[in-house]
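We just call them A, B, C and D in the order they show up, numbering each chain from 1.
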């Protein structure tokens, strides 16, 4: 897609978000999963009509075939609204689930689980995290087990047993991608939500608003799945998780750029109008300095995001850069949101403005997909292990 | 109160909080004002039974006669629970309203409004902040007017007209202290909640949980109040506001110390149990460093709070130190809460732990009672205006 | 220059720096201007032999015709040594003086002053800053005056009078570019160092080591210069200053990247060897986190620098981005240098390692060419003045 | 000493520093150890005349018998000048050496080494740190050995062998306290500087100015010392080191408070006079905010220092608090010095102002006596090991 076409696409996404999506935000329903589903369904239909849905997918899958770099601006526009990614059919966990299924599912698996997901007819869940002492930031600690077994009709397959929580999207999902430990090592399975062994206990209430399908706590008990529920190869679970995370994190960065930019837009507008101590807030130098710091944070965060996207488009390894981007961008965006709160005062603390919700939405990004501290240890070790210690090259 | 007696009092408050108050916290009702009132009533009764209520008041008022320094540890203990200050009858805005009424109300006014407030039979509101272009951080921008007028029966009094919001405690309050502009300058009045001119529109939804009486938006329309509704002297409103704020901020610091300490306690417990990457989290040096930074923040924040209390007990002016304490303590406590979230990961983002709520409760402290930026400008100007530029003395 | 050729050039610069330049560094002579000149002369000769000198200039001027983006990596390599930029003939103030003379000098002026400068036969100075109440961060405050007058032989020209300090490069310079106030506004002149009205008082001792020609304090007293000493047009001085600074700042960023990278290289090497508390320093997680933060700072600083270079190559205005880059990069590099000091302990504080000097060299970058605070106010104002408040675009 | 007497003493120290000491500072001689000795000798004589020398010592030792809390303000006054602590006879390493000798030396040892030190007739050194792989932040890594042996006349004693550097005060010292490893564990010895086995190689050039006796690199080769050179008990070296460091760090904090306060005084004065962008610098809100942050840093740093002093006076253990104070105060003071540099611009970078030197003097404080990172790990571990996890108490 050339620069002009991309810019026009961005403007179309922008119009869609401003005209259709932001007006549907309702802060009082920030945790109402049913309302979120219903609203998203309507918005997705409009996105389909406008030809804007799932733009990151190939045209044969109904998308626009955007490469990674093109996604940066498009997803930032979508990300401005809490409902934007869902409206475009590319909210987590569906978007990374689509990504995973495209990469490792068989054609038959894709027909069964991927196609309805892309079409927006169903939602999906992702179940990896477990309560202590299970898997959190350290992917090797998976406790949920898969062992070979037979189904009620004697058919061969797998029995899954364990306890998951913070299973993104679990409430209302049609199926879940589940990471478990088989004898061969961490492995991925698909479990349909109507499987009697998939027992959704509750959604864990959480600080972040507008989370599609919430954060499920799920018990897997004698959960039988047939042979074809295995995704990819046994024992390759950590490789798939790493692949998934690298892309998912980057989309997270893109959407977050839009949310942070919206916080800045709102704060700019506010300080230009509000007066205090004999001047508009915008004339106070501390305000200018905070605006400047947010400009710098947004500018550099966008450059970092774009650089990682470029490396992905070139087919380079992004292991090191993806970690650095995760830490840098998540922290920069949280700083921007925090300054916007400070600039807008009591209003920013209220639900009359989007600022408080933006702060709540962005905060977990420093934790989910690997806490900053875990990434820092990994980045540091990797840098120190390089045989050629040359930071200038 | 000698050191031993104080320590024993702290332990009694601590037991009360641990045994009676924390078990009553219900994160799912963080914004349920009615539930909060009902629960607080029961807890206050128990505090009365235990002789722990309103400890900052003189014995003749039913309190324990604590001086400011003694309050630091006692209120920190109470502040550990979201419901603790209310249980002891010293939550904002009642506590600073009591303080104001003690200082500037006539005996008749005290009998009418102060006594039931101290006894915990009613709650009160405080109405100063206005929507733009009215008063926010700059106290001189009050738009709500008071003019002399006559009541329905022809009795002399005042007519108040204006628009307030973020009126703390407005929902369910029996009366409000209202700061308005008279011809003589900013002035304080008491308005009963059943006054037909006091029109509560709604409670503004906000990020902070467990706010007694919420944050009311109120229209004052032809609101007649009799002569005896005037508090103190006409035109002295800013002086009273300053006095009130200096004390209120310090109590805010004390309560916040407890909330931050609880976040640390929770995080310590978590990192001592949770394992990751082959070791308990507590063995990772980044975790130790975060724990250390929170130790240092809490240690210094307590010293700063205590120093201001000491100056108040000595009768010194605390204008400069109170501002510095507000900025330092509010920011230190938010750092502690943020680290606790980072240390406890997804759990810390959920309502299964108190961490997310503690973050939400502490965040507005950097804005309410004067945003950090407003204080910084004032502190800087004051330091630079001193004729004797001597920072060593 | 294609990517491969650029990479090869970088390696050649790298070899030159490692083999010839770094071995000549002598920390004990950090402020010995004469030694610095003599050493630089020898190194420049070697750079000429290797075809590496003044690479940013067009081939017809003896350079390699590098565009801005290509300069980033080349100058970062050169910048690794305190003596590197000088060795390549592109240290400040000569490099920006060359830039200015190329842009606004007449052919005759270029023959007289530019050619010997490019060839490295002479050094030059830049005199703009004045002691209070003269020009510092605010370019409009120039006090030094130019008025029309006649020389000793009656020839027409200009008389300059005023007081400059922090005149970069003044000691040992053949001439200076001087910014003064004429009736038409700020204007630029060339003053030869042997002009009797150019009275060099001293070099102001300063924290930064290896400063070519030091920081001169100069009195201009009845300083007559002929007509042809005027550079460009009268009254355009601030425009020229802005142009000069945008380029100079970017070169400063590039060189600083190299210096910071060297600090990291040194620190990596140290923590991989040094043991403490039963492990190599590199195995301590706090060390890894510090290494990670420096990786992230260097990565993002390089992206920001490259983005501004790209905009310059495209001919875009870089006013906003250049300011943001100045603030971001100077602060990121100082953080890197500070961490390297912390990582290398007492050794890092000594002149046995380059770390202390790197800290001293980088520190003024947050002040020179516009202090961070001045840029922040400008960035904030500019962002707030944009009619289209859209931070996502 | 009562409050009034203490205040008067502070004023007398202040006058001495302003009238006699600061005028003798000569930035160009920041590393001239001989000049520093000669100047200090004269100043010490004047301090003796004024009855201000060694105020922390008991009256029977010629001091004023100040307790720890009283020392805070007195040493802050002295610390305002680079030469102040030396002028009062309480600069490191002499002051902590005096402290150590008072605690563990025999009366005979005290007569021989302590008395002339207190009288200011000689200077002393402290030799603990070693080049890698020897002792740095981890006190258990001492490589220098002591074994029993005989002197040239056959007398029994000890032979010391090893390599020390950053031996504070080594150049020009009469003797050194040396920490070495005996079979019984770390142990302390006194070595006279004229001992042929004590081979001073050089002073390691370092970033910090005005260091009494520099930072010596010393080889101990077949260094025989008699029996009476052993200080205290064999194997108790780490206990003595810890004791010494706790006090030394606190004095370091006190002196640093003065140096930082002086930087602020200078910066205040500058921003009140200097104009920029149409206003005095002091009227710019960013400047006010920086001034405020330094006020807050100094205020809290003084409270923390005083709290540790109070605990020492009470005889409490200060292990945890001393570490916290070291980290907090050293970092707060460096922030203050950095802001003063930023506020005073190019002048602050020059030796025409004390700011650059103050930055250089304070920077190593974050490293010497245990780097911040080492303390953070220790503080975190200690907090997490407490059986009673109660941060509110």
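We adopt the following convention: contacts are C-beta pairs under 8 Å (C-beta built on N, C-alpha and C of every residue); 3 or more make two chains touch, one makes a residue touch a chain.
For clarity, every value in this text was computed on a predicted model and none was experimentally measured.
Participant: Weigh A-D against A-C on C-beta contact pairs and write down the one with more.
Facilitator: Of A-D and A-C, it is A-C that has more C-beta pairs in contact.
Participant: Name the chain whose C-alpha centroid is most distant from the C-alpha centroid of chain B.
Facilitator: C
Participant: Measuring centre to centre with CA averages, how many angstrom lie between chain A and chain D?
Facilitator: 52
Participant: How many angstrom lie between the centres of chain C and chain D, each centre taken as the mean Cα position?
Facilitator: Comparing mean C-alpha positions, chain D is 37 Å from chain C.
Participant: Would you mind pulling out the distance in Å between where the CA atoms of chain A average out and where those of chain C do?
Facilitator: Measuring from centre to centre gives 43 Å for this pair.
Participant: Can you pull out the residues of chain B that are in contact with at least two other chains?
Facilitator: Each of 284-287, 289-290, 373, 376-377 in chain B touches at least two other chains.
Participant: Provide the residue numbers of chain D that touch chain B in the complex, in ascending order.
Facilitator: Answer in residue numbers: 10, 14, 76-77, 80, 257-258, 260-262, 264-265, 268-269, 271-272, 282, 285, 287-293, 295-296, 298-300, 303-304, 307, 320-321, 324, 327-328, 373, 375-381, 383-384, 389-393.
Participant: Note which residues of chain D are touching chain C in the complex, please.
Facilitator: Against chain C, the touching part of chain D is residues 27-28, 129, 132-133, 136-138, 141, 165-166, 204-208, 215, 273-277, 284, 286-287, 290, 341-342, 345-346, 348-352, 356, 359-360, 363-364, 366-368, 371-374, 376-377.
Participant: Once bound in the complex, which stretches of chain D touch chain A?
Facilitator: Residues 284-286, 289 of chain D touch chain A in their complex.
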